[in-house]
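Below, each structure is written out as structure tokens.
In the two complexes below, chain A is the common chain; its partner is chain B in one and chain C in the other.
Right after this comes the complex of A and B.
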């Protein structure tokens, strides 16, 4: 009951609100877009106005419509890539860390290879081999991005699994003959949750960034609308030189907001897992309300009492 | 207890500690008052969760968040160059606290293994604290002092060259005690220092502490749940329950004739080291949830002698005469019409079965 209460940290609330706005837009974005994002029938280079909230492009297209339509593809690719990469990293990290030996050496080598290969060039190469139809398919693109994004999480999970595998509660289950997969799943797995959650959030962020980068470089199908292709068209039409900020800024700000919200939620996970952080993490306003003049610190326990003279009067 | 105030090292009055803030606060220590004289040993006993550790960490301002000191006064009399001055620990700034920690008050924690850096030789720990405290000491002088400190706790000087993992649990705990004494503090606090050790080692350390206290003259607050251990070491014992002092008495008197039903229960939970075998009865039930303490005396749900008044009114800690003893129990209220049960009215002179 208490564990499921709504997070009170303002950081988390802000993060959740921003992310839910984008998730809602992912679902309804293409439906609420005021115009067809491809329609180039408007007066070019309009500054933001009531008819065109974010103005129009040099090609006479509505920027807001492109942003709303592009939200879906960007977010779907980000979430698919994040989920798949996290699943791969859990499987590889747990197996390498728990089983050890040759398995560990093999899987670690694999993870190290993927860490050492620069992700973006690899993606460009893989992407160029995809059939043209698949380049526009968010699922395929998401899987390809996942392929380059799992190794970091796997390394972290492997390290944590290795530190957990020799703890007494794990050894006890080994001794009483629990199956290996059960120990991994129900003894070690839940202890990895905070790391898995953090890894998921940051892999989603990585995927959104990488997908936008690929699209910005024109390496995905440029006729699919996403935040990266918006910037690609803006760039190739010299929007920055022509000072058409309303064209270039919205996709960039959208990516930044998604990233910020994911990072803020991650703070919340930390505080949820570690109650000490929560206690020390009173906001300045909460502290004032309870009468603390400064943040509680180790070795300097706060004193909330009436002034000594008052106390003496009472006693 | 020494009669004159100038011999008091520590004076605590109406001290209370909360965990959490404002509406969510849970009072873990309530209205504790005591004073401690020079080179006296005060034992603090009680079950897990009775507030004994919270009390001393609160006094020394070492309590972690969300701990908050919510009431009281704590006065420490300084020694050495600042002889005669007193300091209010609850009003002290961080710098003031830093200045008195270790040199005036030192603390020994339960887990000696975690307190020593595994990468440092024992000698380095001593060397560092001595160098920081007194820059005028030369290296050989510091070494000599470290050897002297080790000898105090019965360890060979060659242990200075060892790493913590090369020492046994008892030796590590002795090193911690020697470190705590390094700057000649006048008040040493030990939080269950012997709980992780076997009974034989416990006994050795306790008897060493006894000698050290006599030789060096520091005052000692010793926390444990083992009353029989306290009786050997302490001059006075405070028994805590649900964050309050329920009984305070000279150690031997308390041991021979407990006055509070809870103290009696604690004593019946440990076998005497000598004497005939007696049935261990223990205390039924478990300590109260401090978020929702029972009305009246917090011990009433577990007390065999609870009566109507215990269910509604909180008994104050009051002096019952009998050699400076105080008890928080309605049974000993002079106005109470109730007969004090035989087990709690034993005269101090008689001895329970088999002891001494």
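Right after this comes the complex of A and C.
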């Protein structure tokens, strides 16, 4: 399990820190919100101040409270959709890649169909046929999003499974007579972990984005607070034309920050899967320390090792 | 050729799936959305209209599912997408008048962002490890910014506050659509800001992908060989870039769907005419025939674009051609 070590690059650390902040807010957000997000008793259009950190809306609501309360729904839908979609893609990808033959043909075709159909229009169509009660239910919306978001992961996992299928250690356990599901689960599965992690992050990113988009278009219940509905209300009250940046910016920046943190963590996983990318992490300071005067360029992958004299200096 | 034919077959199958989903969804959804819609429409539209909707969704016809399905496909093959409830005209007419705005905006946006993004990716890949790497976190952030947020912010800063660009719409409302220079100039002028927002938000993805491929390709032996031969730096860069661009082209097909989804919102924000705007209005008005027509149109266009991208890849990469042999 040593293989799971994530490179300690600053990118990954920054990503993890931002993501943890939002996860904490997901849990405690609604409790620490200073006001009721629906209360429209404040003076409208206040710029940020001590009483209202992010100002108030045209409708006289507190922006910070909406942001904090909305964090939970947005993140929970994103994570549920991401988890469900990843589970589907693991099942489909592993089965298609390992069993092969007709199973592979069928499952790959299914994945290709879902990849080719544009996700958002499909979601909008499905969503518009849902009964009103289900449209308001974040869980249902999350599951529908998962339905449209699993194909990419399944395709990547299938390719990796196929390349693992014929390696010696898998062959060996097949000869011993291990059951098929056991080989898939405990021989191939662990070797797919980095790719599964990457596809999970990617799918959560997709789900948060798509859910906010649906909410922004007013296609989910507009009285459930999430970051998308905040933008919906800002847009329908012409916040952009009135230059009310304090109302527009917080939900958009929050979505972008969650996305950035997931992408930064994904960089770490990418560097793990593809070691050639890792060499790019040589900073100017590291270079000076090992005495490289010029930036290493083509064909040379620098290997960092402290020289014995340096080691003495340090100790 | 076999690879290409195979892809074509998959797209054909996808098209059929889309049509079938379109047929099944309104009929099998819990809560019977069509019945509810007809209830709501009673008294608001003409009885002929209600009859037409009933016929399209197979309400009260006592036909078997199969007969309805055959009828539906037959209608589609004749280009009949039903009649829009809110606009009271055939869906195909509505769509054919609006699609060119969308194709123009998204098409130009996609091409521009692909070329600029890829070129930047080559540069930043080449200079990896230098200060220029600082652009990666910035690009990552830009990539995570939702399309509609970026568009709104652009409107707020450059149109509403600085008045550099027109606020919304596709051309000066005082002009009427015609083939004249003033009209075309106005369309270009009004297109600048929506186009910028599409390019800005999709640029980062191409750039990051290309940079990664460039870094990977640059450690290949043939690039080292090119340096050893003493080729100029620009020639070596071109050498590596040509090989690194292949995955980007392969991704082109997969990204078109995402790009179209994002751009649908741009129309909504800039109040730009086009399919995205129609789609959002259709959902709001529960105009199911229009909604279904738009979904089919978007999916078919994306499938067509996907096939073109696949064909381009096939032309560019000889390995895809030899792979078909075994």
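Note that in this section the second predicted complex is superposed on the first by the 259 of 315 C-alpha atoms of A that agree within 3 Å, B and C clash if a C-alpha of one lies under 4 Å from a C-alpha of the other, contacts with A are read in each partner's own complex, and residues count from 1 in each chain.
We adopt the following convention: contacts are C-beta pairs under 8 Å (C-beta built on N, C-alpha and C of every residue); 3 or more make two chains touch, one makes a residue touch a chain.
Computed from a prediction, not measured in an experiment: that's the story for all the values here.
Asker: Touching A:205, do we find chain B (first), chain C (second), both, or neither?
Answerer: second
Asker: Chain A residues in contact: does chain B have more, or chain C?
Answerer: C
Asker: Which partner does A:139 reach: the first (chain B), the second (chain C), both, or neither?
Answerer: Neither partner.
Asker: Which partner does A:289 contact after superposing on A: first (chain B), second (chain C), both, neither?
Answerer: It touches chain B, and chain C stays clear.
Asker: Tell me which partner A:39 touches in the superposition: chain B (first), chain C (second), both or neither.
Answerer: neither
Asker: Is A:130 in contact with chain B, with chain C, with both, or with neither (first, second, both, neither)?
Answerer: In the superposed model, A:130 contacts chain C only, not chain B.
Asker: Tell me the contact category for A:213 with respect to chain B and chain C: first, second, both or neither.
Answerer: In the superposed model, A:213 contacts chain C only, not chain B.
Asker: Go through the superposed model and pick first if A:24 touches only chain B, second if only chain C, both, or neither.
Answerer: A:24: touches no partner chain.
Asker: Once the complexes are superposed, what residues of chain A are shared between the chain B interface and the chain C interface?
Answerer: Residues 276, 279-280, 282, 296, 298-299, 301 of chain A touch both chain B and chain C.
Asker: Within their complex, state which residues of chain A touch chain C.
Answerer: Residues 11, 14, 109, 112-113, 115-122, 124-126, 128-131, 134, 152, 205, 209, 212-213, 216-219, 231, 234-235, 239-243, 245, 248-249, 251-252, 255-260, 262-264, 267, 270, 274, 276-277, 279-280, 282, 284, 295-296, 298-299, 301.
Asker: Flag every residue of chain A that touches chain B in the complex, lowest number first.
Answerer: 276, 279-280, 282, 286, 289-290, 292, 296-306, 308, 311, 315
Asker: For chain C, which residues count as touching chain A in their complex?
Answerer: 10-11, 13-14, 17-18, 21-22, 25-26, 29-31, 33, 128-131, 133, 136-137, 140-141, 143-146, 148-150, 152-153, 155-156, 160-161, 167, 212, 215-216, 218-219, 221, 223-224, 227, 236, 254, 257-258, 260-262, 264-265, 268-269, 279-280, 283-284, 286, 288, 291-292, 294-295, 298-299, 302-303, 306
Asker: Can you list the chain B residues touching chain A in their complex?
Answerer: 13-14, 18, 20-22, 57-58, 61-73, 88, 90-91, 94, 97
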